[in-house]
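Pasting the structures in now, so scroll down.
Two complexes, one shared chain (chain A), two partners (chain B, chain C).
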Partner chain A sequence: MFKEHTLNTTEIIDLIQKNTQIEVKASENSYDASIIVEPKDVLPVMKFLKLSRDLSFKVLSSHTAVHDGEDFKLFWNLLSYEHNLETTIESSVPVVSPQIQSVCKVWKAADWLERESYDLFGIQYIDHPDLRRIMLPEDWIGFPLRKDYQSPEGYQDIENSRSEIDKRFKP
Partner chain B sequence: MKSLVNQVDSDGIVLTTIDKLLNLARANSLFYMTFGLACCGIEMMQTGGPRSDFDRFGAIPRATPRQSDLMLVAGTVTLKMASRVKRLYDQMPDPKYVISMGSCSNSGGLFQGSYSVLKGVDRVIPVDVYLPGCPPRPEALLSALIEVQNKIKNEKYLRKN
Partner chain C sequence: MTSELKTEHITINMGPQHPSTHGVIRFVIKTDGEIIHECDPDVGYLHRGIEKIAESVTWQGFVPFTDRVDYLASMNANWAYCMAVEEMLGTEVPERAEYIRVIAGELNRISSHLVAIGAADMDMGAITPFVQLLREREYINDLLEMICGARLTYNYYSIGGVNYDLPEGFSIKVMGFLDHFEVAVEQMHRLVTYNQIFINRFANVAAVSPEMAMDYNFVGPNLRGSGVKYDVRRNKPYSIYDKLDFEIPIGTASVGTLGDCYDRYFVRVEEIRESVKILRQCLQQIPEGEIQAKVKNAIKPPVGHKYIRTETPRGDTGYFIYSDGKTSPSRLKIRTGSFTGMSIIPELARNIFIADLVAVIGSLDIVAPELDR
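Our next item is the complex of A and B:
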């Protein structure tokens, strides 16, 4: 049953601040309006978003990260079927110490999504039940989606350097 | 010149060498391992279907390397998969042949700049026929199979090492 009026981002932010007393703000330049949360506040805000009767974001549809300069930007896409809502939560952690609370206790779906960002970005999720690589081999060195990552010349005993033709190629 | 069938009809004797007879049998019973790794795998299945019909050349898909003569590497080989490709190749009984199907399998193709993609399957196993295309059409795969058959027919297998 769809309601006529669904909450917009500003109203969701008001609800968060009224109920949890945590400072959050809307992102300024974004294609889709998102809510920026401090990394230390992520877990309590997420708990509120899921458990609140006015919002009940029971679905975590996606979680991903972007390497942006000195920071990793983290995104959580949330859905509420009951209230016909969707929103994006945004946070950022520094590349030098990428640590953030895991939201596995709030949504079980976060388990593999967080393992994926650990696999590709090396983000450490505190209190994650099983934080290890999900797609790359377990003995892989480095985190491939970081901007300073250098592709390996091989893996185990397999030689995988660029061919001579490839090195000569000038696009 | 009379055809082979007519010769059998008239006097019942065909003269050939053991090599030729053996190669004729081997070339027309190439069991290939179903090894679709990416979109080329879909084209390989299409080649096995009724329109192209791999079966009419004696090529039958097998689900295990231990019963296969031919490996069709159809798709992008990642570094994680590369060691498995090598193991499956080692499990095949001799004599064995490999068709590297599509650009990805030949050289890494579109994805060769990626950190996780092997730049050509010939870095882990020997390849008999390289088939270009992205993905190659079923007709091209049939042509590659016939190329392998021609290679087999020209071998002197009994005297091979």
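Our next item is the complex of A and C:
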């Protein structure tokens, strides 16, 4: 089942461009090579990567976002057990309107991973079947993993301030 | 007359404080009598914001936090993070340290699987195996206490090696334990694995096909229980696993359907035996030498992102790290086996008995702090 066969990122990019006619490019990164895809092209590229016989990326290993200045960088880590392949897809959306197509239709694992990054970053996934908070309470305000997030002063009846004893103590 | 009788759907809460949910998890269940119509897992009760904490501590300072991600297998959690940072820095770990890491990691894997198996048994109403297996786990805790002084959250691995060398007489003690343990595993088999009551509760319940397992990103023993032969230790070898001889057990549908609760359970039992094999080899081959590579005090990995996967007891754990060249990570995402395993519950729990949901959760080996982080 596991052939000794490894396509590199350039070959994967060639396959994508030949079969889908979508412009993608390799990113410059010190570690893992990744493929940069425009936000509007994410869904078709993902569908191709999963269904292609030569690649068959049947597993979405991880998906997350990174708050980097004006943009959210989005990363999808894909695995192919059949061909023992690994790749990273990268895209970016602006912080002011963080909208991207959901890939739930391609992999079911995307459901909770997208809910998590909606919860912690506030990224809106279009066509997600059930986009609501997963880790935090439903009535939580703000998205904690954004760099400009301010911790709230309290939540319901719980105060988030230092106690009087704590303030007086000076080591 | 009978056709006019209708039952109403009742919504009930299973948890957050429920003995068989393995931590603080809530299941909102819509039932039709004893049969589950709809199940919605409500997670997040143990969300401590570990990923946010990572952004404000130093690279070395985050190692103790990884202990708290998965308290049943802290060694492996330490290892996953340390390895990710080492890959980013390009640090070569000394060979002796690699052997020590494998020994500690595999001991911890056994102890984690013992809890998984024991807790699954206890959920099914068998208290004796749980107590017996926890006794075995205590011996492993003693061994791990010998090497690092802690019994649950070890903080033993450091970036570039391990914190302490093995104490004197350690390998003799481990060998003695393994001799005893192999007999204990046989005893456990007689008590549980081939027990007809247990088989009836686990076989043919909530079967997951290989396609479904991959679609939901099942990892580790859960994935292999569905018959997919994939283990990071074998398919993308790290540390010294390519030098070691061990098998990858997979589900075989020995008593039920492929990928049912029994298969997932059985893969764990078999993995314990393989870990014993690995431990014996490591103890024979371990060389003398350094245990810590030279690592600068203030680590600043170059800008970029890295995704590293290691095989922990709950499967392939991925650390996605995004560095902006500062003294702490810009973003650190931990993708754990429990999280993806849990997302299958709404689909698996449809049209099964409430008592079977307990079996499913037990067989998936979900650890709540790892799920919520």
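FYI, the second predicted complex is superposed on the first by the 156 of 171 C-alpha atoms of A that agree within 3 Å, B and C clash if a C-alpha of one lies under 4 Å from a C-alpha of the other, contacts with A are read in each partner's own complex, and residues count from 1 in each chain.
Keep in mind that, in the parts below, contacts are C-beta pairs under 8 Å (C-beta built on N, C-alpha and C of every residue); 3 or more make two chains touch, one makes a residue touch a chain.
Every value quoted in this text rests on a predicted model; they were computed, and no experiment measured them.
*Asks:* Give one of first, second, both or neither to describe whether A:102 is in contact with chain B, with chain C, with both, or with none.
*Replies:* neither
*Asks:* What is the contact status of A:66 with respect to chain B (first) and chain C (second): first, second, both, or neither?
*Replies:* second
*Asks:* Considering only touches as defined above, state whether A:144 meets chain B (first), chain C (second), both or neither.
*Replies:* Both: A:144 reaches chain B and chain C.
*Asks:* Per the contact definition in the header, classify A:136: touching chain B only (first), chain C only (second), both, or neither.
*Replies:* both
*Asks:* Which one hits more chain A residues, chain B or chain C?
*Replies:* Touching more of chain A: C.
*Asks:* According to the stated criteria, A:92 is in contact with first (chain B), second (chain C), both, or neither; which is it?
*Replies:* neither
*Asks:* Output check: A:158 vs chain B and chain C. Expected answer is one of first, second, both, neither. What do you get?
*Replies:* first
*Asks:* Look at A:166 in the shared chain and tell me whether it touches chain B only, chain C only, both, or neither; answer first, second, both or neither.
*Replies:* first
*Asks:* Would you mind listing the overlap between the chain B footprint and the chain C footprint on chain A?
*Replies:* 136-137, 144
*Asks:* Sort out for me which residues of chain C touch chain A in the complex.
*Replies:* 43-44, 47, 49, 51-52, 87-88, 211, 214-217, 228-230, 235-236, 302-307, 309, 316, 318, 320, 322, 324, 330-331, 333, 335, 339-340, 342-344, 347, 372
*Asks:* Per the contact definition, I'd like the list of chain A residues that touch chain B in the complex.
*Replies:* Per the touch definition, chain A meets chain B at residues 136-137, 144, 149, 151-152, 155-156, 158-163, 166.
*Asks:* How about chain A: which of its residues touch chain C in the complex?
*Replies:* Touch residues, chain A against chain C: 1-2, 29-32, 34, 58-62, 64, 66-68, 73, 75, 77, 81, 84, 86, 88, 107-109, 111-113, 116, 120, 133-137, 144-145.
*Asks:* Note which residues of chain B are touching chain A in the complex, please.
*Replies:* 79-80, 82-83, 107, 112-116, 118-120, 123-124
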